[in-house]
Structure formats: structure tokens, C-alpha cells
Amino acid sequence: MGEYLREDIGSGDITTELLVPPEQKGTARIVAKERCVLAGVLEASEVFKELGAKAVVKRKDGTVAKPGDIVLTVSGPARSLLTGERLALNFLMRMSGIATVTNHLLVRCRKINPGVRIAATRKTTPGFREFEKRAVSLGGGDPHRFGLDDAILIKDNHIMVAGGVKEALKRAKGSSFTKKVEIEVETRKDAFAALDAGADIVMLDNFGPDDARALYGELKKRRPEVIVEVSGGIRPDNIEMYADAADVISLGWLTHSVRSIDFSMSMDRT
Amino acid sequence: MGEYLREDIGSGDITTELLVPPEQKGTARIVAKERCVLAGVLEASEVFKELGAKAVVKRKDGTVAKPGDIVLTVSGPARSLLTGERLALNFLMRMSGIATVTNHLLVRCRKINPGVRIAATRKTTPGFREFEKRAVSLGGGDPHRFGLDDAILIKDNHIMVAGGVKEALKRAKGSSFTKKVEIEVETRKDAFAALDAGADIVMLDNFGPDDARALYGELKKRRPEVIVEVSGGIRPDNIEMYADAADVISLGWLTHSVRSIDFSMSMDRT
Amino acid sequence: MGEYLREDIGSGDITTELLVPPEQKGTARIVAKERCVLAGVLEASEVFKELGAKAVVKRKDGTVAKPGDIVLTVSGPARSLLTGERLALNFLMRMSGIATVTNHLLVRCRKINPGVRIAATRKTTPGFREFEKRAVSLGGGDPHRFGLDDAILIKDNHIMVAGGVKEALKRAKGSSFTKKVEIEVETRKDAFAALDAGADIVMLDNFGPDDARALYGELKKRRPEVIVEVSGGIRPDNIEMYADAADVISLGWLTHSVRSIDFSMSMDRT
Amino acid sequence: MGEYLREDIGSGDITTELLVPPEQKGTARIVAKERCVLAGVLEASEVFKELGAKAVVKRKDGTVAKPGDIVLTVSGPARSLLTGERLALNFLMRMSGIATVTNHLLVRCRKINPGVRIAATRKTTPGFREFEKRAVSLGGGDPHRFGLDDAILIKDNHIMVAGGVKEALKRAKGSSFTKKVEIEVETRKDAFAALDAGADIVMLDNFGPDDARALYGELKKRRPEVIVEVSGGIRPDNIEMYADAADVISLGWLTHSVRSIDFSMSMDRT
Amino acid sequence: MGEYLREDIGSGDITTELLVPPEQKGTARIVAKERCVLAGVLEASEVFKELGAKAVVKRKDGTVAKPGDIVLTVSGPARSLLTGERLALNFLMRMSGIATVTNHLLVRCRKINPGVRIAATRKTTPGFREFEKRAVSLGGGDPHRFGLDDAILIKDNHIMVAGGVKEALKRAKGSSFTKKVEIEVETRKDAFAALDAGADIVMLDNFGPDDARALYGELKKRRPEVIVEVSGGIRPDNIEMYADAADVISLGWLTHSVRSIDFSMSMDRT
Amino acid sequence: MGEYLREDIGSGDITTELLVPPEQKGTARIVAKERCVLAGVLEASEVFKELGAKAVVKRKDGTVAKPGDIVLTVSGPARSLLTGERLALNFLMRMSGIATVTNHLLVRCRKINPGVRIAATRKTTPGFREFEKRAVSLGGGDPHRFGLDDAILIKDNHIMVAGGVKEALKRAKGSSFTKKVEIEVETRKDAFAALDAGADIVMLDNFGPDDARALYGELKKRRPEVIVEVSGGIRPDNIEMYADAADVISLGWLTHSVRSIDFSMSMDRT
């Protein structure tokens, strides 16, 4: 949490230093203002611990909170509570926003296709991916690749440089046997080429829901163990149309366009 | 950009290393897919420069881009273009989302009150504040305090610990003469107490638009050089009601609940 | 304290490792050798805590110590006491030197003008500003701007580039409403131009004491809420001549030319 | 230079960003305002280079500058010149202050004893030792140990813990054959014990000049290759009394109580 | 390379600074003293580039060098060549040692089983894994997992905590669909349990070569797409016995017990 | 330990997070599988402490362990034990390998020459020198210079640039009086030149054992306090031939070509 506190504190929390004596103690509660799936409670606790205060988790990450629910209580030097307040809330607001939307979409899609996965992408806020991916997981989603190093994912520009789907997959065989190989395709033809060249995962990029659904069926029939993912242009308002069109639905929306959940901290009068 | 690239690259961009020979060169264009106020073009350029590629800005930060507009062209090692693509787009998407909304709200409010300022808050993504504040500025907004060190801002919890508005402002006089003193109040009475105790800025927290407007008039009459800010519960759907109720309208929405703008990168066939 | 300890310890405190067994415990006292206003006691404690020893503050930062006064007692692994000794003393010596001179000058000037402030500048030791500014505050001084980010301060070279006082202040209006605007002027004419253009603070640079005093009176008469600062060529031997010539007297001397205060640490025989 | 620039710039040089357009170019000169031995010219150049400006050294580190001498010229983005000005001057002021005093004391002592060395101590500003030691060297002084890792130096508290001079030196034999062993003694008896136990360097701590001179003669007679250092309570006003009392005179004054040298930067009208 | 240079240089390369003037230029050659598969040439180049010298690769990483072959030529400030020499050679020596042994074992095993892979483990030198894994790849080996984040690998202690192979694999289904699942087993029974529970990779730990070979056949027959790895107690002197007993042979030896290859740098007389 | 854990953990220990609940506790033992001189027990403890587990040292660094000896017991969150296992073992394996070989060679050489020292070189793994040097010391060896900053060591390329042994040593007199001066020579003539020019240590580089022994005797006779070191081409199989040919025998082998010692960790069933 050190670097995040430094971002906010800079050369000092001048207001708190002037108004609050160092020996003053205090207690506070962090309260949810909206119904949500909680994420960031752990991070909020760590913010206060780093500042020398004690935090007690009242509602765990991954559970549902209702408006008015106390999520975390904190006690210790009043200065620590005041200095850590904003950062702790910033973690909670953004992460719970992501977990809540992820869970909401998952529930809607699983009504249609109980086995479907909702996955994030690498469209995350620079420097904050660890927390955004964790929020997706807490909402029941799949974090997908963390970054460029933990799975092969061959995208349109790679295919163009490599000279085609087949050639790209052939070169990908040079990867470690510990890595899965995924490829993004934009046509039926390329999807079958990818399947036949041994891709572990085939991502159908920017297919309409009906085309995706049809192709999904054919691909699974030809090689049942292949994983089919749809991606591209999927938003909360059209995701259910894709619910039975793939094994996995991935959308950047989960991490780049989510509304934050409101939380507040109140200190107790002493 | 180093730390952000390390977040994405980890121990290596294994796909690109397998598919693209180190000596291969390439060129690419980054294109806006929606109308927006651009922000992040500078950061996107720096991503590619850090990776040893050359970036040419075609549309500057702060200007308007239309769908299809080329924003940046890049050339250099194909590996650098592919490895930097996602991070560069992530900067552009999020920052342009913020600049666009900020500008949109500013334009709407200034139709009603030509001198009003729209300001951000400290409700930013941990670790990414520098860029979110810059995006607000590029959209014509006011970045407000960067952090806890560059202005005095006395909030509800501070007042409670200090024992009231008057006492809090008295202690705040201990600050450097180079800093402004702002205080957040929730009642008319506290607003006048703050004014009389010499606050440079009075923030009306969670006032309805009519109450805020009335109080704003009285406060400016009593001390014209005071700056009045409204905050709390302000969203794109109610902001215009506050347009003539203060000198400054601040809202966390600008940095915590904005939808990203879509951009894409296409490599040229060589 | 980590980075400062690393600077001194490098690859290891080879003397202590050879001479003192890891399990040996010890106690020690840090004693002031001269009368001074203390600063750095907190930092000295943290040095020992970081090394796993316990430190008890006997005289607080900001209070006066006399020769022979015990300032801090320390106990724990003898290795930690020996390895931390020099760094702890280095903080105390330099910071107390600054606090003592600041307080001395403040007392002298306030005899003449009870409301005057003595302020530091940005003429600090690179990397050590946080502690030098804190020492000024502990001596009763005003830390002034911490750095380039927390207030607008328009200096001679800025005015030249901007094309004059009026134009510079006009552009400075683009700053956030949370920031004060200060400008440095070298002539009467520019001082009035600055006043009329709305500067919050006017700094009279390199004025003689009589000219400054006269101008100060005129400026305050014209706009009472303006803050007037004098700076340039002010040293301990001429500062009293400026005591009633401004609201604030700033001098680099406080942080760049101060003699350190002597402290020593003695370990107790066990 | 990165970390030092970040200390001063924080979240941005807001004055310069408002007043100076990014594309504006400028040139400037850094001029000495007092006679001095220069130190910090290299560091000042690097400050500007790091900010993308070009610096040309006109007077080298270690040479003498007279009032009015141009030390460095700089050209490039006007923003870089303005943002780097203070940090560059801070390096020059403090480092030249140290080099000048060191050289002054060396010249005075060598008139009495042409072979004597003037050495620094570890009484440096935390985080800035590298530059303070370099300034001592540029003034003709000896930097002494850089830190706790590059020579054995057995001090009073070590001797007490180890149980005496002889025992301490015996344990010090466990050090690498690549390291010299120095010991600090406070009595004649301990000085001879140290000599006989094979210390490479004997430091006479807090001896008066006459006692030191007499003992120095005896020690060198008994073992000519031993190096004798005097330290403790030595200041510019008494150093000459020690000039012929040792091979090396070390004093903390060089780095902890030196007055800075005045420099200024002027931008050229364009 | 910065952190590695700092480890070696510390507060300064005092020998080179004393003996070599800053303006002196030089050229040098790095020569292999033994036949080897080269690795670390890239890193050696970067060491010199970071110090401001120019490096020209004469033999690429992954190729074979014979005794006397010039691998790299360097030119630039003589100080840079001398200061970078040891670090550059340290990269070359260790990395080429690893690449050479890896390649040697691979060639030997592929004579017996042309499709077999030789893989590294996580038994690497702390802080140096990136380079040790790269050296394995350059020798033709498989780097295996980079760390704990890029594939699921269920080991003995995990199985014990989870309560058996089946339960462990069931929980592992919670992982992202982008990750492979590998499990380490010590008995035939567990191997089949792992196969049936859907492990992507089954690692036979500490099996004798004959038992491994027999089990390998049975597992591949039952599920041809499973990957079988042998590990545990495999060394250069017994690896050929495992050549046809698995798809992949992994051994810690490649990174923890390899003899370095000798290289030297000679500067040219100027 | 933070940076080393980050290398292994990356974005998360995904296996352990899936298989082991956060609240589960466990205990484990680390056991030596071979006879060795222990090194790295301290580091292994710190790995677990950093992860929030408790470690109890059962066999100290520098002592001998036999196969089956428990070296460390650990207790705490089962996740911490599993996540820290590999890194802890990696420290132990490599460091104990180095300590064991160092001690073995020392014992063999001291049978021939009881006063001889066995020393390491700077041929260490980049980034891991601190631990490799410590392992040499724990095995009874001399760590030699830590890096380029703690002693003068004039090597072949330095002599060539400086223009000969005499000139090089003359320039080296400019170093601090706190540093020893060592020089590497390749001929008898240079050895005597170095001796006469006042080198503290003369290193005979690449001399055969008989030539070294003869020259050693002559040098010590001419100046008994000089230290003579042999280096170059010394390996475990020829080191005894040099045992009485110098005061110090240094060999890179100790840190660059040592076989690791096997250790394992077993968790207890709970």
C-alpha cells in the first residue's frame, strides 16, 4: 500500500497534522451506501494497517452488502484514520463496482447457459490491474490472462505479421509445454484453421451472436475439448445474446467502464 | 512508463517473442472509434518510445477527434508495436473517457453560468491519479487538490475531531501562508461560521440545488472574494441544476464512473 | 529510514559484525552537547526502530535542550545501537541546527514585529527537503512551498519568458482555484502591477530594508488582504532590519548555511 | 537525478506549465556570485540533461571560479530550464561550499605541514553523502570511509562492548585481508596498545594539539608505517594547531556546518 | 542492468577513477576460452551500453563458440570498459554454462527420443531467474513455468493439504481457463487418478527410469493428449535412462549446479 | 526478501490460492539431504517471516548438517509455507553448496599451510553477491573485495591503460588513506616493481605453483608485511599445490561453479 499512500500524501497530510494532535485516538466505520458485491475490503484494511491503525473486517470480500451495512471498523490514531480514509474508500468503490457488475452479468448469463464463464481482458487501468482482476474474480468472473507472460494469445496484428493463422500457430508450438495457446479469429475459415492447427482456445472476435452460436456448435462438435471464447463489442446491454454462443464471454467493460459503488467513513465522537 | 510496461509484460511477451523476429520492422496507426476529447496521446507516445519505436502525434491532447481519425502513427521494431499496443490504448481509452465527459458537462453548465468551474476530487484510481487529473484538465476542468499536501481541506471528520468549524479554522491558521484553506460544511450555520472565520473556500456538501443557490448568493454578498464550491451527490443527470449555485462544482464521477472511449491499433501490411 | 541506512551500511557494517556477537544486548543514551531547539528526535527514534531496537523519547522535537540533557534512550541488540548511531546523530545534528537558528531569528524579529513570519525557501539539500522543512517548522518558522507543485510562484525568469508581470499573472489564473498565486518583483512598479492583477502574495526581491518597509505600507493600504514577503540577501546579521518590512521574511540561510548542533551517543557498560 | 527532481517537482511544476508553452526554447547561464572552488557543476549539468536540455560546462569541477564567472550554459525547452534551475543551483551551492572550505583549510595546514591530509567524516546529510564526499575530494581533501562497509573503524562504543582495545583488534583480524583496520583511542595507553596490536591507522580522539603532536612523534618512531589521524573538536578556528600533529586531520565541519556559495541562473531574452 | 551495476560499483569504481582519465577512449574484445553454446551476449552488450560504451555482437546468443572466438567488441570511454568488464563476464560465464549443459543433455537425449523436451525448474538463483531461464531456452531447453503465477502446478504438499489428488484437481478447476493444470504424483495410482481427473500434465516425481517408462506408455494410451513429465533425482549422469520415459524431462541441475564457462576481456593498446 | 518473493510470485501463487483456504494453518520442516556446511538458514527464515509465518532455526548457519537433520521448522498459514517453500530452499541449496566447498578446500589447504586463506572473487551471480560472499565467509573463507568501491585492485587492463605497474601504483596513492592497494602482476619483474612501489597486496596471476611458491618466499623476505595472493586457473583439483605458495588463494570457482546441496521441505499432516 506504500506507493498508493505516497501518491495521496505527498509531502504530508497538512490538514490532519494541523487539526489533530498525534496522541488522539479514534474509531470509525466504513459503510456501504448501495447494494453490491464487496471487493477491496482486504485492501482497505491494509491501508489502515500500514498507517498503524487496527482494522476489523465485518463483511468479507465476495459477499453481498446492503445499504447501511458496516463493512469495516477501524481504530487507532485519529490521524491514521483521517489520512487513510480516501485511499481505503477508493479501493472499495472501484473494486466493488467491478465485482458487482461482473456478478450481475454472470447471474444473467448463467440463467441461459449455466456453464458459461464471464471473463475480463487486459483493458485495465495502468498500474491497477492486480486489483481489477481480483475484483472480477470476487464477482465470480474469470480473470483471463494476467499479462503478456502467462499464456499465448495470438491477436490480429500477430497473425498479420506472422503471415496467417496456420503459420502463427506453428510458431507458437515453440512455447513452453506449460502454456495454453489461444488465437483470435475474425472469420469462419480462420476458426477452423485454428482448430485444426491445434489451438487450445479459439476466440471469435467481433462475431454477431447468431454467427458465433452456430460456429461454436460446429467447433465443439469437431473437437470437443477446444475452448471457444467470444469477444468484441460485448456490453451489459447485449451480453445475454451471447450467453449460449461460447464457453467464455470476455468483455473489457468489466474493468474500463464500470460505475463505482458509494461507500463512506464516519468517525465516532469520542 | 517503465512500471506500467512491467505490469503488462511481466517475465516477457511470450506470444510476440515466438511469432515475430527481433529484426522485423513495422508501422501502425491508432484510430479513434468514437467522437471524443483526446487525452492520453502523450502517454501513448511515451509507451512506444520507451520500447524503442518512433511515435508521431497526429491529433493533440485536448482536441476533438471524430470516429476514424488517426491519432498517432508508430513505426519501429514490430515487436515493440505489438508489446506496447495494449498499454498505449489503455491510457487513451480511460483518459479520453474522462476528458470527454468533463468537457461535455462543462459545456452544458457554462451555458447556464459562463464562469462556473467543473472540478475533480481525490476519488481516483489508486496509482493513476496523475493521469486522471491531467485528463480532467485536458477536458477543461479544474483538477482541484492533487493530494493531501497541496491545500488545506477540512472535512466532516476533521471538524468533529477538532470540535467545530471555528476551532478547526483557528488551528488551520498554523498552516503555511502559501496554502489556501478550504472547509466542507453541511449546514447554513456552519457555512457562515466558516466565512467569518476566514476560510478561503467554503464547500457546501450535500446541499440540494435550491438551498445551495440561495446560500451561495448570501455568502458572496457577505464576502465577495470567498470561493464557494458545491459537492456531494452530483452526477451527469443533475449537474445542470447546480450550474448557477456555486463558483465551482466538484464531482467524483469524472474519475470514478466514466465509460472509456474506444480506440484501436492497426498494423500495416509490409 | 531504509534508504538512509542503506547509504551508510552498504554491503554491511563490517566492524560491528566482527566485534559484537548478534545475541549481545545493550542500552545507550543520546545527549545534547549544546543548548538548542530539538529537531530530529523522531527521525532518530525511527532509525533505531528500523534496526529492531527500542527507542524512548526523553525530550520532544520542538522543545529546548540544554547541554547534558538526555534526548533519547535506546535499548536492544548492541549491533543495532552501533550500526544506527551515526545516522541517528546525523538527523539530530542537522535538523536541530536548523530549528535552533530559525527559532533564534524568529524571537529576535518578533520583538520588533510580533506578527512577522520567518520562512524557508527551496534552497535545501537535494533529497533531504522533507526533514529540513520540518526542522524549520519545529523552530517556529513557516516551511513555505514544499516544491514546485503546491503553490504558484512566479519568479524573474518566468516573468521574462511570459513577457511581464501582468501577462504572467493573467496566465496564472489558469491554475486550480485551490492554489495561491505568488509573484516575485524587483521594482515598485511591478509590485503595484502585481497587486492590481490580483496576486495573493507579492514577494519583494532584493529590496533594501527601508525601501521594502515603505512599499509594504503602501501595498497593504491599497489591498489589506495581500501578503507581502521580502527575500534576497537576508542573513542572520541583517534580518532584524527587515522585521517590520513585510508579513513574511524568507531566507535560504535557514537550510543551506546553518552550523550543526553537537550530540553524542554513549553505550552503557553491561 | 530522477529522485531529486521528483522531490522538487512532485505532481508537476504548475507555475511553469501555466506560464511557458511546451514548444518555447530558451538559453541561460549559471554564474558564480562569490570566489570558490567549484563542485557540483557535473551534477548541475545532469539535472538539465535529465530534463532534455543541453548543458555546456564552462568551468570544471575542482577549479576556482571568481564572482561573475559563467560556470554552465544551458539551452533547450524553456520549461526544462525553469524546472531544473533550483535543483541545479542547490547542488552547486552546497557542494561548492564544501569544496571551498576544504581547500581553504588544506592550504592553511599544508603551509605548516606539506604532507598532511584533511579528511571528511560520516557526519554527512542523510541521502547526500555521495555528493558531499565528492565535494571534499574536489577541494583536495580525503573522503575517508564512504560508509560502514569499506574499512574497519573501531570506535569508543565498539571498544567498550568488545572489552578493550586489544580484544577489539584481535577480533578485527577476522576481517578480510583487503580491509584496513583503524581504531579510535582516547588515551596514550590505548594508543600504544593499538599500535602494538597491529592497527593500520590510530585515530587520536579529542586530544589537545600538544598532546596529539607529542604522541604522534612517539607512535611514528615506534612503527613508521602506522597512519596517525586526529579528530574531535576540530574546527576552522583551531585546525592549524593540529597541522603538524598527525598524518591526517578529520573534521565533521566540512560536511555539516559549511556556508553555501551563492550562484544564480539568468535566462536570456529571446 | 542498473541494479546489477550498482551492486558491483557501490559508491564508485575507485581504482578506475584514480588510474584512468575520464576523457580516455579504448577498445576491447571479449573472447571465449572454451567451446560453448553462447548465452548472455545480449546482456553483456547492455552492460556496456548502460555505461555509455558501444558494443558490437560478433557471435549471437544461441550459437556455438570455440576457444579463441571473439564474442563481443566494445569501444568507448576506457573507464566504462573497465567498470563494466566483470559484470559483463559474469553474465556470459553463468548463462553460457547453463546453455551449454542444456544443449549437451538435449542432444544426448534426442538421439534416443527425438521428440523429448529437456526442461528447467524453479530451482534458480534468487533474483536471477529471468537470465537462467533464458539461458535454458538458448540451449534448446524448455523454460517450464516462470513462477507461481503462470501455470497451476500441484505439488506433494499441496495434495496433502487439499486431501488427495482428486480433491486437489477438483479445486484447480477454479483456475482461469487460460491456465494449464499440472500435478506431481509419486505413485501409479495417483498418476491414473490425475489422468482421470483431467490434469493437462502429469509429473512423475522420483520414479525410477523403468517404472516411469512403463507408466508413461500406459498413460499416453489412456489419454494421448496428456503430457507426461519426469522429474526428481535426474542428473547429467542418469538423464539418458529417462530419455524415452516421458514427453518432458525436468531437472534443477540445469540452473543450480552448472559449471561456468570461461571468458576474458582484453583491452587494446592505444 | 521482498524483491525475491516478487520474482517467484509475480501476480499471485495461483495454485496455492485455489487449493488452500486462507485460514488454514500448518507446520513444516526443512531437512538436509546431504552432509554440508549450512548457509542460508537465516535467509530461509526471513522468507517465511516476510510471508507471516514463524520460523525456528534448528541448525545455525556455519555449522555442519548431516543427511536427515532438521534445519528449520516453520509454522503459520499453510499458504505462506507453500508459497515460500521454493525460495527458501533456493537460498539454502546454493549458499550451502558454496559454504561446503569453501570449507572443504580450506581444510585441505590448511593441512599443508595452517595460516593460508581461501578467498572468493567478484565472479558472482549478478544480483546475488551479498549472499554468495556471506556463504564463503560461513564456510571459513575470506570474502575479498565486495565490489569496486571498497579496495583498490589494479588489474591487467588498468596497468595497460596507466602505462605500467609503477605508474599505476603512483596514481593509486591518490586514494583515501583508508583503502588498501592491491595489484595483479603476471611476471616476476612486475611483482618486484609492485613491491617496491608500496603495494599492500601483490596478486600473482596465472603463475604455476612452483613459480608462485618461489616468488612468494622472495617477496615476503624483501618486505614481510606485504600480503601475497595467488589467483587464476585454480580449481578444487589443483588448489593444494598452491597451499603454501601464498598468504591467500582466491578462486572464482567458489561462487560460479559449485554444485548445490539438496534440501527438502515436508509439511505435517494436520
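Order of writing sets the labels: A, B, C, D, E and F. Residues in every chain begin at 1.
The rule is short, and it goes like this: a residue touches a chain if its C-beta (ideal position, glycine included) is under 8 Å from a C-beta of that chain, and two chains touch if they have at least 3 such contacts.
All figures in this text were calculated on a predicted structure; none of them were measured in a lab.
A.B. asks: Would you pick out the chains that touch subunit B and also touch subunit F?
C.D. replies: The shared contacts of subunit B and subunit F, listed by label, come to A, C, D, E.
A.B. asks: In this assembly, which chains make contact with subunit B and also with subunit C?
C.D. replies: Touching subunit B as well as subunit C, we find A, D, E, F.
A.B. asks: Matching B-C on over half of contact pairs, by residue number: which of D-E, B-F or A-E?
C.D. replies: A-E
A.B. asks: Tell me the angle, as a multiple of 5 degrees, of the rotation that maps subunit E onto subunit F over the C-alpha atoms.
C.D. replies: Rotation angle between the two copies comes out at 180 degrees.
A.B. asks: Looking at CA centres, what chain is most distant from subunit B?
C.D. replies: F
A.B. asks: For copies subunit A and subunit E, work out whether under half or over half of the interface numbers are shared, and give different or same accordingly.
C.D. replies: same
A.B. asks: Would you mind pulling out the distance in Å between where the CA atoms of subunit A average out and where those of subunit B do?
C.D. replies: 22
A.B. asks: Let me have the rounded angstrom distance from the C-alpha centre of subunit B over to the C-alpha centre of subunit E, please.
C.D. replies: Using C-alpha averages as centres, the distance is 45 Å.
A.B. asks: Could you state the distance in Å from the CA-based centre of subunit C to that of subunit E?
C.D. replies: Chain centroid spacing, subunit C to subunit E, equals 53 Å.
A.B. asks: At least two partner chains per residue is the criterion; list those residues in subunit A.
C.D. replies: Touching at least two other chains: 10-12, 129-130, 146-147, 149-150, 153, 176, 179.
A.B. asks: Building nodes from the protein chains and edges from chain pairs that touch, which of line, ring, star, complete or other describes the result?
C.D. replies: complete
A.B. asks: Which residues of subunit D touch subunit B in their complex?
C.D. replies: 10-12
A.B. asks: Taking the complex as given, what residues does subunit D use to touch subunit F?
C.D. replies: Residues 117, 119, 142-146, 149-151, 153, 176-180, 182, 201, 225, 227, 229, 247-248.
A.B. asks: Which subunit B residues qualify as touching subunit A in the complex?
C.D. replies: 3-4, 7-16, 18-20, 24, 26, 28, 78, 81-83, 85-87, 89-91, 93-94, 97, 122-131, 146-150, 152-155, 157-158, 160-162, 168, 171-172, 174-176, 179, 252, 256-260, 265-267, 269
A.B. asks: In their shared complex, at which residues does subunit B touch subunit D?
C.D. replies: Touching subunit D from subunit B are residues 129-130, 133, 146-147, 149-150.
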